[in-house]
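See structure below.
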Amino acid sequence: MPDPYRQSLSSQYAAVRAHSRALVQPLSAEDQCVQAMPDASPTKWHLAHTTWFFETLVLQPYMPGYCSVDPRYAYLFNSYYESLGPRHARPERGLLTRPSLDAVLAYRDAVDSALQAFLHSADAATLALAEPAIVLGLHHEQQHQELMLTDILALFSRNPMLPVYQVLSSALALAQPSNLQWHFAAGGRVAVGHAGEGFAFDNETPRHDVLLRPYRLAKRPVSCGEYLQFIQDGGYRAPRWWLSEGWAQVQREGWCAPLYWRDVSAKPAQHFTLFGLQPLDWHAPVCHLSFFEAQAYSAWAGARLPTEFEWEAASGGLEQLGQVWEWTRSSYDPYPGFRPLSGIASEYNGKFMVGQMVLRGGSRATPQGHCRNTYRNFFPPATRWQFAGLRLAQDV
Amino acid sequence: MPDPYRQSLSSQYAAVRAHSRALVQPLSAEDQCVQAMPDASPTKWHLAHTTWFFETLVLQPYMPGYCSVDPRYAYLFNSYYESLGPRHARPERGLLTRPSLDAVLAYRDAVDSALQAFLHSADAATLALAEPAIVLGLHHEQQHQELMLTDILALFSRNPMLPVYQVLSSALALAQPSNLQWHFAAGGRVAVGHAGEGFAFDNETPRHDVLLRPYRLAKRPVSCGEYLQFIQDGGYRAPRWWLSEGWAQVQREGWCAPLYWRDVSAKPAQHFTLFGLQPLDWHAPVCHLSFFEAQAYSAWAGARLPTEFEWEAASGGLEQLGQVWEWTRSSYDPYPGFRPLSGIASEYNGKFMVGQMVLRGGSRATPQGHCRNTYRNFFPPATRWQFAGLRLAQDV
Amino acid sequence: MPDPYRQSLSSQYAAVRAHSRALVQPLSAEDQCVQAMPDASPTKWHLAHTTWFFETLVLQPYMPGYCSVDPRYAYLFNSYYESLGPRHARPERGLLTRPSLDAVLAYRDAVDSALQAFLHSADAATLALAEPAIVLGLHHEQQHQELMLTDILALFSRNPMLPVYQVLSSALALAQPSNLQWHFAAGGRVAVGHAGEGFAFDNETPRHDVLLRPYRLAKRPVSCGEYLQFIQDGGYRAPRWWLSEGWAQVQREGWCAPLYWRDVSAKPAQHFTLFGLQPLDWHAPVCHLSFFEAQAYSAWAGARLPTEFEWEAASGGLEQLGQVWEWTRSSYDPYPGFRPLSGIASEYNGKFMVGQMVLRGGSRATPQGHCRNTYRNFFPPATRWQFAGLRLAQDV
Amino acid sequence: MPDPYRQSLSSQYAAVRAHSRALVQPLSAEDQCVQAMPDASPTKWHLAHTTWFFETLVLQPYMPGYCSVDPRYAYLFNSYYESLGPRHARPERGLLTRPSLDAVLAYRDAVDSALQAFLHSADAATLALAEPAIVLGLHHEQQHQELMLTDILALFSRNPMLPVYQVLSSALALAQPSNLQWHFAAGGRVAVGHAGEGFAFDNETPRHDVLLRPYRLAKRPVSCGEYLQFIQDGGYRAPRWWLSEGWAQVQREGWCAPLYWRDVSAKPAQHFTLFGLQPLDWHAPVCHLSFFEAQAYSAWAGARLPTEFEWEAASGGLEQLGQVWEWTRSSYDPYPGFRPLSGIASEYNGKFMVGQMVLRGGSRATPQGHCRNTYRNFFPPATRWQFAGLRLAQDV
């Protein structure tokens, strides 16, 4: 393997790892230790887990003589890999005041040093063997970078002090109003999924053909102002727009607006964000919706959610991509002929393929360069704390 | 509409309704009143609800001057139709010691008389308008006939007296052993879903083409003896075979065998059935599995579950159909271009299209003539009290 | 033991047992099978359990050659006697559609015959040994007679058909208004608890002296009309009147009136009773309160609840006793020197002596002759489905 | 009020406040932020709440012109005072990463400065008015000092890193073995409760006479070694020793030893402590028991728990007091003639008088000088995370 390759991998590694550190700059050790809810994780845990991932999938199998920083971390920072044995329970991640943030940062430094040394000194054959795990680790860390932001927002949103993650020097620029326009797609036999060059997760493969009917897709996501009309029309009180399970959730949880919106009738209406409490921007994409809300809105609007394949086939003609994750009407099922990765990484995606819905696109919290138009994000349909909205579709 | 048609509809109506009455013959008023668990309903409630369905969808809209038997029944026996207003909570159906079984049977008689009178006296135009609701009502009642059996089994299974629903005059004939044989299918572009003559639920439409890869499907379902090997190989203790949510369920609920199996190491091993406690028949299809167990078994067996379309496309070449419902690897999503029925019936199927898996085939508890090879049954993946097993599939 | 004694015991036995049968006359087999909630039991279960009590504590130990009616009943109808082995879980008593009501009534008949035979044929020494258990069994059955009524009311109250347990031939006579008058007690050293002749439960012993300060006790219980003033004054919205745990309960459960009261602002205001829905009688004692509500009312009224000893010491001077159980301010602790009964009966009372409050007096649902002024009834402080109200006390 | 008095109050204030600061020295900001469970509070919250107490009960009412440090703290750091309006939910105290520990320490400094200024400058009349609240605040802070230790132990006990709160320079000195000896008490009419000079909480008053039977009380608490015998004799598997609710708890929670004991069969057997994992000292008092366990042990040992009055009357003749809180057989009921404090402080004790058991004595975590022999500590009977054990009593 040529030196420029080692150099490139080393640079990518350094850049991704540095980005995680940059993201936590505004946070105190206390902020990074606490867990907002069982579904979220503390920032410190994210920092340690992504490090453990490199240690476990790269350094231990491929770097001769590598000695783990602390053998107890294997228990603490394993997320869900059953094949690696027992692990700390997810809802108790927030109890880990020790190891301290300083210790976790030292852990990162130690693993980074070892991994860089490995990148520069491993023989070519070993490096070739290790490379898929390294690249997977980088994409894995990018996924956690978005989760750090969703989880810190979830935490701050429950603090009456209304903490600000990022201070604005001036008011946010307002989104531009735009009429809803449609992208028409003829459908037919189209290829979906990943093939060829470049990284992709196993759940994006194999590439295969599907049959689509003609359809049209909104060129932009639904805006906050449009969603407000749904609310004002009594959308949260009318079971006819909702899937049965969604309606049960609305009633049980008392949902009446997107997760972080405050009193809608206040002037100005506000929502809680990483910039603290901010006025709602009516032309910006609506965000922090569950699949149930996205589906109900689309029914109320006389439309529907696109399938993930309609989305993927049309993705070249769409606008405002990457602002919010977009719920699709597709359950997260395996592609025909799907094979999980081998080894530990086999647990990465496949075992979650039930009870979840696919989201496509990416959000403002998604690291640059992380997404593809074949990318399949997935969450249970009641999930609201992700940066998720929707785009309308219709049969034609 | 010609008289033979009226006659035929009248006969079908009488036959389906009589079958419900026949099914409850072995049961006391007490048996029919109690609810085994929130997911199940009392037999008496099934008897009343299916009657309310005809009253509400046929007699009230189409029979001039029809007066409901008891206006309170609209509240008590509405299952889940939001458009018809508030209703008795599902988990409290078992509290309804009143109306008594006698009153419910009288309700059935009154509605049956009115409906037969309607069938014979309505003018042709009205009858033509009403006919889809009548036919839907009959298929609806057949669905509940199976549920009566699943629910009474669930109830009796929790009674230490081991009640017998149906007394056997002699031992059940044992199933014949058969080696596992495979049906090969070339895949390609195949049409699935219902079109043309005959009744189908809205969720089976529209008929449309899908693309399938070559595959093979077991000619018969997995047997109890085969499933026993999975158990004996530690299948319920090995997370690698399970979807993540399934494994959590196994641990939370302590699953270690199909729902109604008793101690597997006993001689003879027994399971609880509608015939009371019976020896397990090792060559009969395994039954009362959740999707999670079906999926785990298939992984352990080096195979997978078929998609619902693979199943449908191959259904002409399969054997032992109709013994157990067969879990598929397909989430219960809408077909492309799916449109729910109009009116009240719009809530029949569509609003449940999330979080459920499709089952195909039919079981011994399914009324004769009720099923089709396009029929889509559906339940959440943890459901075990249905008569459900599995058939293996593989890529070729 | 002289014949008149045998005769008397036989008559008492017959009378108590017949009263249970009389109580269930208005109920169908369905009514008697269903369990309103985990704390309540089905009527049929009460009928069987009280029978099992005589079989287990009298017939099996003392009647030579007695053979139990059905050995499975030992598992089904044991309530909470750990020393007798495992038993059917309390919240699942309502699943027992079998044995049928007929079988349970036959069980009663068989045990009654055997016990009467025993009473007439046992030798005097054996009868003397068995007599305490027989007498205990009769008082035990009387306790369950009241529970049958509380539990059937709980069941009917959740049925939208508003079933009537007892049909009124004419409207209930209204209670007479009476000004609140006080009974003054000097306190000092007073003896409390049971001693001497006559039956008492172990928890009423030993008789012992306590010291009381001077106090006064209302001559009658708080009336519905008085309690209405508390409601109208915002009592259910003002935390200051409530114990901390009571206030949490009010908010969690949304309490806003006694358990069976309907909309207070309706004209006439109604409550659900064994006679069906009835207008509230403002001068009758308020009923179906929890301890928390009784305590809050007393605080609002500038008074307090009496201790159980204040109540007992003054019970000779009080009026309207026996209309509602009266919550006291005393936790259900053992008396100094308390010794539980021996044998199985040791589990009768003592093991419940934590987390409960004492009630004194008796209610209209209490069988005649069952109560004493030393009688200690007890329930957890959040209990509302008993016939319980309160009487005010004050320091003087 | 004379200057020495001001000086004395100022010194006491400084000393108590400094002790809180000393207690948190070994803890990081992360340690102080996290909440181990809903019943516990973060250390930082304790530090802020005790400060808020002085601000609210002393500075705001009595110090002219005092301006609260941050008006939002009134919401965040109110524990349970309903009369002061809404407050942050207890189970969410651990979400408060802001205000930071530094901000809370600054809050303490600001209030301390103001309070010292007040102590030295207030006119005598105002100081006399304020003095009861100041003294209450000091005793209140001492109560929280013990809670800080119980809560940090609860937190560390759930961390697989086994954090050490206090590092031992050498092994702990072992307790001396001692045979169980008894203190005999004649009982009779004895006075209990607080009267006269010195501080006491309202729940210790009024002093009043009670009648006691003769009894004897163990001179020392039950030891770990004695408790081990109970375990080894199957105490946790034998329902006969347990109160019914305690037995249910044992089974539901899988209790099999005191809260922080590790595998009893290990050599050496260990328990988790503020000094980290330590060998069990068999002659030291057993600790971290619930009332249910204390009661079960006493029954197994052929003894019983003392009432709180037996304990108080004998307290002058007992040994090893102040090592562990001692569960009594007394429910936490109000004393005859009990009157809560007035104003805000009325919510201090009285509203918790239901569903709790009284503990007497004090533990090694109790601040010096905080306890009295009339002191009534109280917790629900299932509580295990307090430093609580037991002392045996018997009738004589």
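Order of writing sets the labels: A, B, C and D. Residues in every chain begin at 1.
We take it that a contact is a pair of C-beta atoms (placed from the backbone, for glycine too) under 8 Å apart; a residue touches a chain by one contact, two chains touch by 3 or more.
Remember, it's a predicted structure, so these values are computed and weren't measured experimentally.
Participant: What are the mutual neighbours of chain C and chain D in this structure?
Facilitator: none
Participant: Among all other chains, pick the one whose mean CA position is farthest from the mean CA position of chain D.
Facilitator: B
Participant: Please report how many Å separate the Cα centroid of chain B from that of chain C, as a whole number.
Facilitator: Centre separation, chain B to chain C: 45 Å.
Participant: Between chain A and chain B, what's the gap in Å when you average each chain's C-alpha atoms?
Facilitator: Here chain A and chain B have centroids separated by 37 Å.
Participant: How many Å are there between the centre of chain B and the centre of chain D, using C-alpha atoms for each centre?
Facilitator: 58
Participant: Residues of chain B that touch two or more other chains: which are they?
Facilitator: None at all.
Participant: Given which chains touch which, is the overall layout a line, a ring, a star, complete, or other?
Facilitator: ring
Participant: For this structure, give each pair of chains that are touching.
Facilitator: Final set of chain pairs in contact is A-B, A-D, B-C, C-D.
Participant: Mind listing the chain C positions that touch chain B in their complex?
Facilitator: For chain C paired with chain B, touching residues are 28-31, 33-34, 36, 72, 75-76, 88, 92, 94-101, 155, 158-161, 163.
Participant: Going by the contact rule set out above, which residues of chain C touch chain D in the complex?
Facilitator: So the residues of chain C touching chain D come out as 80, 82-83, 189, 208-213, 239-240, 242-247, 291-292, 295, 307, 329-334, 336-337, 351-355, 357, 381, 395.
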